[in-house]
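Going in written order, the chains are labelled A, B, C and D, and every chain counts its residues from 1.
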Amino acid sequence: MSSTGFIDLDRITRRFTSIPPFTQRLLKRLGGFAASPTVVYAVEGVSLSLAHGETLGLVGESGCGKSTLGRVAAGILPATAGNATVAGEAVMVDGRKTTTRIQMVFQDPYASLNPRMRIGETIAEGPVSHGMITKAQSASDVNRWLNAVGLDASAAQRFPHQFSGGQRQRVAIARALAMRPDALVCDEPVASLDVSIQAQIINLFLSLRRELNLTMLFISHDLSVVRHVSDRVAIMYLGRIVELGPTERIFTAPRHPYTRALLDSAPRLAADGAPMQDIQPIRGELPSPIHPPPGCAFHQRCAYAQERCRTELPALRATGKSDQAACHFPLGGP
Amino acid sequence: MFAFVVQRLLQAVIVMFVISAMVFVGVYAVGNPIDVMIAPDVTQEIRQATIRAYGFDQPLWVQYGIFLQRLASGDFGRSFVYNMPVLGLILSRLPATLEITVAAVMGATLLGIPLGMYAGYAPESRVSKTIMAVSVLGFSVPTFWIGLVLIFTFAVNLGVLPAGGRGNTISILGVQWSFLTTNGLMHMLLPAVNLALFKMALMIRLARAGTREVMLTDMVRFARATGQSEWTILSRHVLRLIAIPLVTVFGLEFGSTLAFAVVTETIFSWPGVGKLIIDSISTLDRPVMVAYLMLVSLLFITINLVVDIVYIALDPRLRARKTT
Amino acid sequence: MNPVLLRVRDLKAEFVTRAGVARAVDGVSFDVHAGEIVGLVGESGCGKSVTGYSILGLIDAPGRIAGGSVQLDGQELIGMPHQQLRALRGRRIAMVFQDPMSTLNPVLTVSAQMNMAIQSHRRCEAAQMRQHALSALAKVGIPDPERRLMAYPHELSGGMRQRVAIAIAFLHQPALVICDEPTTALDVSIQAQILVEMKTLVREAGISLIWISHDLATVSVLASRLLVMYAGRLIEEGPTEEVLRRPRHPYTQGLIDSLPSRAKPGQDLVQIPGSAPPLGELPLGCAFRDRCQFASSVCFTAPAQTVDHQRSWRCHHPLNVGGPVRLADAGQ
Amino acid sequence: MSTDMQALVPLQTPMRIFFDEFLENRIATVAVTVLFVIIILALSAPLITPQNPYDLATLVLTDARRPPGFVGSNGFTHWLGTDAQGRDLLSAIIYGLRISLQVGFTAGVIAFLLGASLGTLAGFIGGRTEALIMRIIDLQLSFPAILLALVLAALLGQGKWQLIAALVTAQYAYFARTAHGAATAERSKDYVEAALSTPLTPTRVALRHVLPNCLPPLIVVVTVQVANSIALEATLSFLGLGLPVSEPSLGMLISNGFQYMLSGRYWISIYPGLALIALIVCLNLVGDQIRDQLNPRLKR
């Protein structure tokens, strides 16, 4: 995987281990019957690279590790192994974020703003402390970004509790843009908004992309939202990428059985408004990231699973000009 | 679960060492250890003999070693005032304190929780408002002042109950108990009530806060939607859920009630451990102070351990993580 | 069409808050026929959940029912004495809620909670209760019911917990089950399983459902009829396919058009400007007036409900009355 | 592109909303006014009290133990009667309130500073040190405050600062636990992660973002703990371990009056007790109201 991309994630692994308290380790040495530390395999060896100005959709169900991967890319969470770079520059150096070129937008508008800080201060705090603007310029800078996200300049003096969910999400976006980033990681930015507000925010993202030529990693569980904003889409399942490719190709002719099953189980209204009546659910339960199944993690629920799937982990390999899938028997032939 | 208990026992031992060190420093190393052991008006020869016997001429840490040895063997020395082994003195006084403490805490819990739950269940009703008024008062008024008022009304004005003292007792297994005789009960009533008021107020406030929060959850709405009666919801869902925080407070408050007995026993001249410690502080009877501190600390640590174990027993979420 | 099971007429519910009285449900009327699945759709704050709770009288203070009538098989529920209403809850009408985490009691086993639900309507021995519970769990597709019966809620996955709640709701074969966003908190694959299971369960037992949700696509998988609510009022009603294909109210049309699946990827979505007015400060006349591109002076007076066969709407300028006109084209 | 802004609600700082909501509750407002009056009385004690109860020269022994309304030998009416040393009870109570407030607030503030900083520090350091500190705090909390204060008062001897030291040691743990709880809760919120991802230095995030949001729950603990300090001080004085006899606090006044109680001279103990209770009740009522207002779940 040549690292030519603007955002480049190279074999990122992230595991959460809970160290048992002192006594359990003591007992382990004495009688060896204490519980071993539980390890959560959140992200396993994921490689992704986004070209400049591209929007990559990252889709998956809960526990698939998409949020963790997003946080590693945004330099909030250190990776257990592998490294993340933006424009060739490492995102994190020994546990501390070292770049301002990538910013993050969070899901819950009610939790991502400091309730005791005026909107103007929240937006100006970053650029001022990084010397991008002087204190004197902060007022005009705040106005610029408020307008960019469709908010009135008078919002600067107000507090978060005076705004609706949609307006707060605009403020969160303004805060991220104020750092003049080249890339944005958006973690379920519209998931907790109503449909009509969701449309306004999606349109805002589309226009920002065009005007500021931003590279975006767009994380969501909602397939239709991802399809609308992304150039390319990566499907994640239990910490790994199972399929990656141009959006239309993924949505019309998926190669991995999980992608196919996911598309079939998501209720969608057809273009002319007719409801899609027949949904085929996937069998079985979501496996827990604490005990990932051997071989291909999807084999217990896959209609095409064979012996090889149960034992051998399929590598992510090319299945076409610009798309890849991690499956021994990809749909529509190898 | 087992590992948890071992962890706590380990900590208990460490804490006892720390306390014994603090007590040793506070009482022996700071003051003149000799005054601790023998009364000031003793002849010089006996003083020298004692110094050598207890090794006060040794370096400090050796003395601490001796101090620990004696603690382990239960020899806390002799009380100046009562001139008898301190351990025996304290153990003889303990039942009296335990009686009123247990009565107070039981009363506070059995009355406090239902009242608190009602106040949480129907916060707007006038009855709840009075319950909360009583609880704020009970929570704010110092124990000793309530004691005075109780004596003033029941003993002085109405003359219905004795103003103090323990009344007659029956001895079972060599231990004097007063709650088994009517006269004993009459004497016990006011001190127990005095001790219970603060605890009841606390239980009411906690039960109310817990109930109020649980009543607003989807769980109660779902239980109602399945046709369960308000009584079932309160007694089996709500009580079971708020029991967890209440147990912790019950444990801590039991310890603090025992300590508050100091005040009540002084007012009602109830011959318990509390009164003993107050008298020994004023007469600087240090061996009693040392023994009281060590025993009470041991008691609090055991209460703490029991509370933690019950806490885990009550809340299945804390038990070993079983993934189905 | 089967006989009418539930008749809701001019239902009003309000909340007394520090800022004054907020009318959450402002005169809602609809029917539910036996065995029918009705979708109650709207954005957050439109009063759809409060409508659902009001039917069973489950509104906590400071909310209260301010008027109207709810009849089940001709029996009036509003103002019914508490004991009688309680006898209906769970036996005739049951409910399923959104968040499986907070619906079940975390410190009681599944079997303890199911027994309590069984005992509120049937006196029977432990063995019978156990049998009843096991068959209820099996019916909603829970594998290995014996083990799940003894489990605590935190030991089950979200999907499994919601199935237990559904099993409890169906324990006494109620005539009507009100589901408030039952699959919103679940993953897509688990949601699909539960949608399919609910569909077969309801069809076999002839149970009617009121499915409350903000997600048009999910509701239209199950519901044969859609009721669209906005700012406490029912603004459109009709068979699912007709309402989706040719909505009458501009708000319904706007809702459908702002769904990403409806537009070409990358193209700006049709968006409804502004946001829903808070319930305490509803504008005069039609509440959608400020956000509607067809609004005119007549919209200052509240539109009456126009009924046409199985469809009804509240709008002075209904759309698609003629041919299949889509808002996007009508607007430009 | 810009959407038409819904009429923005007038400028409301969180503080202003907090006060508006507070003043709406009648009981809390009464409590806060009574508190205010007591504080004013205590501050201006030397100016307004007819007699300085601590100046032994002015005491007239023959006027001792007189009932309320008694006109003293110097022609002054003792509205609440006199105590065993002939002190005017009203002046003694006002001076007593003064001491109680002094001791209570000083102990409360010191315990707040010590405990809150320890708790938040533990919250930020995390890992083993956090576990160790919080373990010590938990163990200290299992020790009843009164016992700790009792033993310390006995060891440290008499005097205002010794008493304050005893009260602080008995109560800083409550602040530490609340501060630690608040710090860990706020630390997990998105706005902290957002600030860190700007990136802003952890210290800046801690001071400008996390700390201000940890304060509200601590305010509740301050009011309750000041009330506890006052009650504890009174209890210790009652047991003769509090302030020196020459400057009787309310607890001392009550204790002195105790033996006269049985012979029917109730006022010596009862009136100081009522003053003490008024002070503590008001503090607790204010604490309760703030706690209810801060509890998001009970938002109406």
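To be clear about the criterion, a residue touches a chain if its C-beta (ideal position, glycine included) is under 8 Å from a C-beta of that chain, and two chains touch if they have at least 3 such contacts.
Note that the structure is a prediction, hence the values are computed from the model and not measured.
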Where centres are the averaged C-alpha coordinates, which chain has the largest centre distance to chain A? B
Between A-D and B-D, which chain pair is linked by the larger number of C-beta contacts? B-D
Distance from chain B to chain A - Cα centre to Cα centre, in angstrom: 54
Using Cα averages as centroids, what's the distance between chain A and chain D in whole Å? 49
Distance between the centres, which are taken as Cα means, of chain D and chain B, whole angstrom: 24
By the touch rule stated above, which residues of chain D touch at least two different other chains? 3, 6
Mind pulling the residue numbers of chain B that touch at least two other chains? 216, 323
Residues within chain C bordering two or more other chains: 273, 275
Chain A partner, complex, touching residues on chain C are 43-44, 157-160, 187-193, 195-196, 214-218, 220-221, 240-241, 244-245, 254-256, 258-263, 265-266, 268-273, 275-276
Touch list for chain D against partner chain B, complex: 135, 139, 141-147, 150-151, 154-155, 227, 231, 234-235, 238-241, 251, 254-255, 258, 261-262, 264, 266, 269-270, 273, 276-277, 280-281, 283-285, 288, 297-298
With touch defined as at the start, can you tell me which chain D residues reach chain A in the complex? 1-3, 5-6, 8-9, 11-14, 17, 131, 189-191, 193-200, 204, 208-209, 212-213
Taking the touch rule as given, give the residues of chain C at its contact with chain B in the complex, in rising order. 53, 56, 58, 60-61, 86-91, 94-95, 97-99, 102-108, 116-117, 120-121, 147-148, 151-152, 154-156, 165, 168-169, 171
In the complex, go through chain B and note every residue touching chain D. 11, 15, 26, 30, 136-137, 139-145, 148-149, 151-152, 156, 163, 212-213, 216, 251-252, 255-256, 258-260, 262-263, 266-267, 277-278, 281-282, 289, 293, 296-297, 300-301, 303-304
